[in-house]
Amino acid sequence: MGTTDRVREILSWYGSDSPGTLTNLARMLSAGALGGTGKMVILPVDQGFEHGPARSFATNPAGYDPRYHFQLAIEAGCSAYAAPLGFLEAGARDFAGQIPLILKLNNHDVLYEEKDPEQAVTGSVRDALRLGCVAIGYTIYPGSSARLEMYSTLRALAEEAKANGLVVVVWSYPRGSGLSKEGETGIDVTAYAAHIAAQLGAHIVKVKLPSAHLEQAAAKKVYEKESVPVGTLAERVRHVVQSTFNSRRVVIFSGGPAVGDEQVFEEVRAIRDGGGFGSIIGRNSFQRKKPDALKFLGTIMGIYAGTQK
Amino acid sequence: MGTTDRVREILSWYGSDSPGTLTNLARMLSAGALGGTGKMVILPVDQGFEHGPARSFATNPAGYDPRYHFQLAIEAGCSAYAAPLGFLEAGARDFAGQIPLILKLNNHDVLYEEKDPEQAVTGSVRDALRLGCVAIGYTIYPGSSARLEMYSTLRALAEEAKANGLVVVVWSYPRGSGLSKEGETGIDVTAYAAHIAAQLGAHIVKVKLPSAHLEQAAAKKVYEKESVPVGTLAERVRHVVQSTFNSRRVVIFSGGPAVGDEQVFEEVRAIRDGGGFGSIIGRNSFQRKKPDALKFLGTIMGIYAGTQK
Amino acid sequence: MGTTDRVREILSWYGSDSPGTLTNLARMLSAGALGGTGKMVILPVDQGFEHGPARSFATNPAGYDPRYHFQLAIEAGCSAYAAPLGFLEAGARDFAGQIPLILKLNNHDVLYEEKDPEQAVTGSVRDALRLGCVAIGYTIYPGSSARLEMYSTLRALAEEAKANGLVVVVWSYPRGSGLSKEGETGIDVTAYAAHIAAQLGAHIVKVKLPSAHLEQAAAKKVYEKESVPVGTLAERVRHVVQSTFNSRRVVIFSGGPAVGDEQVFEEVRAIRDGGGFGSIIGRNSFQRKKPDALKFLGTIMGIYAGTQK
Amino acid sequence: MGTTDRVREILSWYGSDSPGTLTNLARMLSAGALGGTGKMVILPVDQGFEHGPARSFATNPAGYDPRYHFQLAIEAGCSAYAAPLGFLEAGARDFAGQIPLILKLNNHDVLYEEKDPEQAVTGSVRDALRLGCVAIGYTIYPGSSARLEMYSTLRALAEEAKANGLVVVVWSYPRGSGLSKEGETGIDVTAYAAHIAAQLGAHIVKVKLPSAHLEQAAAKKVYEKESVPVGTLAERVRHVVQSTFNSRRVVIFSGGPAVGDEQVFEEVRAIRDGGGFGSIIGRNSFQRKKPDALKFLGTIMGIYAGTQK
Amino acid sequence: MGTTDRVREILSWYGSDSPGTLTNLARMLSAGALGGTGKMVILPVDQGFEHGPARSFATNPAGYDPRYHFQLAIEAGCSAYAAPLGFLEAGARDFAGQIPLILKLNNHDVLYEEKDPEQAVTGSVRDALRLGCVAIGYTIYPGSSARLEMYSTLRALAEEAKANGLVVVVWSYPRGSGLSKEGETGIDVTAYAAHIAAQLGAHIVKVKLPSAHLEQAAAKKVYEKESVPVGTLAERVRHVVQSTFNSRRVVIFSGGPAVGDEQVFEEVRAIRDGGGFGSIIGRNSFQRKKPDALKFLGTIMGIYAGTQK
């Protein structure tokens, strides 16, 4: 398998982690089409749980089948495939050893909508080991009144994961009554959310692409006083990456709902130019026919790899 | 005992489960009149706990006796008998080895009515092993504000059950302030509820027969845009089965309160035609005299077996 | 010690329990004046905790002394003596081996009054073993919003008790905002409460004597449609016993506050005629002088034994 | 599945076992060609471990393949298949639910030969549950200086097995420096060995067919004084069965090395006539070609079933 | 990473293992120059512990440095690198993710020489996870009076390893007073030793190349009677592989001390021709200069891959 200089450089940032965790991190950084570049594209499919099956899969009904997503991630050359317990259980034997797996340990549905959302714990570290995963995934909702309990639960799970040589991937999604709708993706809030995830011990942090909005008055004052450059998307990505231990933690970005391929590619270029480590792309990949998805993901990986502009 | 090709095909969908769990799943799929066909009819008697004894058994007072339901399930050729702790404890020795048992691990009563219901944990995995059960049963209420805690509790019980070679059967019943009354059985909500149960690791999912109602605006848009066929009951069954890992999990259906035998048979034909895996029939079977119940269940099994039209 | 045919018949209903639990059940059924008849009269003294010492013992100050109640129960020929931790600890050595003991594992006081009451866990299964008890006792409040948690706690304690060969006695007392005051003793609610206790795995169920009131609309309809006979107290006792696994669980009854001896005797005759298994009599026995109490309890036991009409 | 009167009679002997253990015992007694008769023929294949692969399988090389023995046991209609961990792991998924499995929890090889043999623990109760087994198997060597430790280990494993609803099958094989070679199968020693296994809590006891030899002087005196009839093989079987709780535990017999089919059939008739419960036949079945083995086992089952004389 | 058809075929033999264990097995089978072919060449360096440092490394002093062996295994394209705790701890961080690691969990030194050797447990399953290993390694000494305890310890470690998704590699080395020196590598003993390892649940079995010597009289008789072909080395390899679950477990071979490269290549051809799965080559690779070692290992891998004759 081998590892590149860049992968070894990234591993060097995680000095308090065991060789076991580094090994699994190296596996993710060495897998797929971007293997060795230090960039990652992850396929996440928790959409069925989060939004319901029809909203997730009716557009491309092949996606109702749990095996489809394994196949898509493998064929596209993704760095890893992330999903809740049921979807991983339904394919882990058939596709054993073919792609790094991330078990998403908590999940949320929209059959009841809370003002201050939280998630249910839906998997365990033991499940992750039993299924051959390289990492656990966990979502936190900074901004929700339930956030502190979410942080504490993450802490306990992360401690157990690390003791067993697994990687910890945190989805840090600001939501809840502490924030305005616009504030959820504000640059100050996004940078803050990424920093919290890193402070909680995440190895890989996933946030949404930030807008130029500044949500918190006290923060706004500083951004303006210090003239923190957040005008372009690339600048904002750079600021988030800087906020996440000055680029010594892997930060990846998700887009929102599908908009148009060219816009997604533009965003990917901004992530690349801002020093981001990659993308996590769910709906935009599994909600189109496989050939189209492979082409779409291929373009994105090409942008990260530098083989596409 | 032997297993048929169809049973082996179903077992092949559960690649992450131990041979122990597959053995117990094979026992259910091989028991009773439908043994080997891949179809199941389960007798559940948690009605006494859920609605009270008189509402459950006054119509056919033989049902006050816990032994009656074992006998009924055995004589009718059911695939399994499901009940709370007390009812199973009261017959498990006398009927040891005569029918697969499912211990219902949580229950709810109506002496207090919550807007957002939850259930009490009323049994354990150790109880299930001690009583010779093949499976645990657990109810979740998607749509209730208590749902996330129910999911998390199920997760822990399911992990323990699987580690001990038991099957996990989940009753997924949308209820609570997140949904309108009509929405509880809406097709979008029912498909979503089945999907959640499967993502939580259920081997067998039980839902109510869905209506054509579409509850959630965001879902409605997709059903209409993609022209998901949900006009007939058989189509709706097919959509629920598809939403449950594209038919790679066993999904069974319950009817509502008794209405008329012919209507029940019509529903069973729709389940069969839509690719459903069977029925779970409580009140409609134990609330009539035994000879009548045996005839009624016999007709239903005949429809599934193809010996009745 | 020997057991009668009737005791052996009763033991035969508990096929999922260990010989250890049967042994302790046999001890209760074989103790005291009613030993061997299948009937029981239990002395419970948790009144001090529940209502305060003066309300409980000022009338007969001998009752302030924990030894008094052991002596009373022994001299009266009771089947067992039930009390909270402190009262049992204060006499268990002195009266070791003289009467079966039930450790009441939860209790409630009235220094704060909740709309939806619950109880504190005040003893453990280990305490019960250490004190030489034959059983644990536990109260549930169906009708309270706290009921589900009470059921779950009972479940865990009952599992541990059974694993250690103890008997489980459940006080099932409907209370809370789910019910009207009259409803707490309504026949539908009482039968339902007894059924829930049995489903939770109780060996002995204790309920209050039911009135003819029907609390729940859905139940009322059934009682009327099926003409369930609940006009006389004996008929209501019979219905409760039937609702508790068709008389295959021991159900005993408490009266309310003291009213007049003859009325109590009338109630005991109704319990006997309705197939009830006995009485649990607290205030009415320890709130009078001992000679009077012994005479009073003697009459009651005589009615159950058939030596008094 | 159903159980016959005879099976229910046998289950009634095990009053201290849980319904879970009775269920698994019923499964064995209800499986295969002898299902329901109260007789059993078990296929054990631990020979490879005990004597080496060539000595076990060279005669019929199909037996090198672990799947062969599952198939043989299923096709022959055996009551159960018993083997060490590796052989069961190699087939338990493929043959899930097709035949009751017994995981042999200890084993011995002959690459070192002790005067006082013992065995290694080679499997666990958790393995048995994970593989879907109905029972654990365990060998003791009465007569060996290592026997007391073997009894103690068995006790601990049996306690765990019973707590999880499994059956305990004990191979009681007198060996070691406490006995002469002839004494290993002496009638006094065999009866004693069976009794010890039953006292250790075995549900099913397996011993070798006894000779008329009397090994122990003190025993010899009694056999002669009381004229215990042990002249014929059927009488000796009857005496062993009597010694095992007067026929209230299932005792099955193994022959020695292959000798000639008619001699084996004679032995089976003696087991049947002496009230034995069946045979465990290893080498004599898997060391011949499958069609021959099926015919051979068919004859034996016919003798037990009474369809062959 | 992907897996070939041959790798998937091999994984299909392990039906009772979790996807986690299959994933790690796939990693070994997919790594290095032979990745995907179903053949393996493993570098083991426990020589320092087993024979002392000078005897191990003085010939090629680069080998004193633990990092040397990681580099050698990686550059040579080995399938895995196996070593005791200390050697792995000394390099696991620097080489994280570059080669599958096997933590040898027990070891033996020669500062005391027993007639009946055993080994010390020198590592744990938790160590293996912490160091990012894909497998644990464990040595048994069939033929030693200590063997039964070694089997039992292996069993417990293997159960824990499998529960955590690791692979179990067993070095089965007959030694001890039960065998003659010649017998240690006799074909009957070697086949027996491989069979025992597989019965103990090993996924990968490592034995020495067998001689034509037949050690045990009882076995000799069978080999001669059945004319088991063991004349050539390839035939003997084939017999060992057959004895290990009819080729449904991975069996690899070690040579003895270095003799001459061409002789080693001859042996490798015999392993290949006999259906063996590969080699484990210690002294012969690290006791020569690296360029020489790389060439030597390259030739061996070429023979397995079919690119060298």
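Order as written gives the chain letters A, B, C, D and E; numbering starts at 1 within each chain.
Assume a contact is a pair of C-beta atoms (placed from the backbone, for glycine too) under 8 Å apart; a residue touches a chain by one contact, two chains touch by 3 or more.
Predicted model, so just to flag it, every value in this text is computed and none were measured.
Student: I need the common contact partners of subunit A and subunit C, sorted by label.
Tutor: For subunit A paired with subunit C, the chains in contact with each are B, in label order.
Student: Can you give the shortest number of steps from subunit A to subunit E, where adjacent chains in the path must touch?
Tutor: Between subunit A and subunit E, the shortest chain-hopping route counts 1.
Student: Quick one: compare the interface residues of subunit B with those of subunit C and tell me same or different, with half as the dividing line.
Tutor: Copies use mostly different positions to touch.
Student: Specify the chain most distant from subunit E by Cα centroid.
Tutor: Most distant chain from subunit E: C.
Student: Let me have the rounded angstrom distance from the C-alpha centre of subunit C over to the C-alpha centre of subunit D, please.
Tutor: Averaging C-alpha atoms per chain gives centres 49 Å apart.
Student: Go ahead and note the Å separation of the Cα centroids belonging to subunit A and subunit B.
Tutor: So the centroids are 36 Å from each other.
Student: Could you give the separation in Å between the centres of subunit A and subunit D, each centre being the mean of its C-alpha atoms?
Tutor: Centre-to-centre distance between subunit A and subunit D: 57 Å.
Student: At which residue positions does subunit C touch at least two other chains?
Tutor: As it turns out, subunit C has residues touching two or more other chains at 15-16.
Student: Please categorise the chain-chain contact pattern as a line, ring, star, complete graph or other.
Tutor: Shape of the chain contacts: other, as it matches none of the listed patterns.
Student: Which two-chain combinations qualify as touching?
Tutor: All touching pairs, sorted by chain label, are A-B, A-E, B-C, B-D, B-E, C-D, D-E.
Student: Spell out the residues on subunit E that touch subunit A in their complex, using ranges where they run on.
Tutor: By the definition above, subunit E touches subunit A via 1-3, 7, 11, 18-27, 29-31, 74, 92-93, 96-99, 101, 126, 129-133, 163-165.
Student: Residue numbers of subunit D touching subunit E in their complex, please.
Tutor: By the definition above, subunit D touches subunit E via 48-49, 51-55, 57-59, 61, 64-66, 84-94, 107-114, 118-124, 126-127, 130-131.
Student: Inside the complex, what are the residues of subunit E that reach subunit D?
Tutor: It is residues 13-17, 116, 142-145, 147-152, 155-156, 159, 174, 176-179, 188-189, 191-193, 195-196, 198-202, 216, 218-219, 222-223, 226, 228, 239, 242-243, 245-246, 248-249 of subunit E that touch subunit D.
Student: Hey, which residues of subunit D end up touching subunit C in the complex?
Tutor: Residues 15-16, 18-19 of subunit D touch subunit C in their complex.
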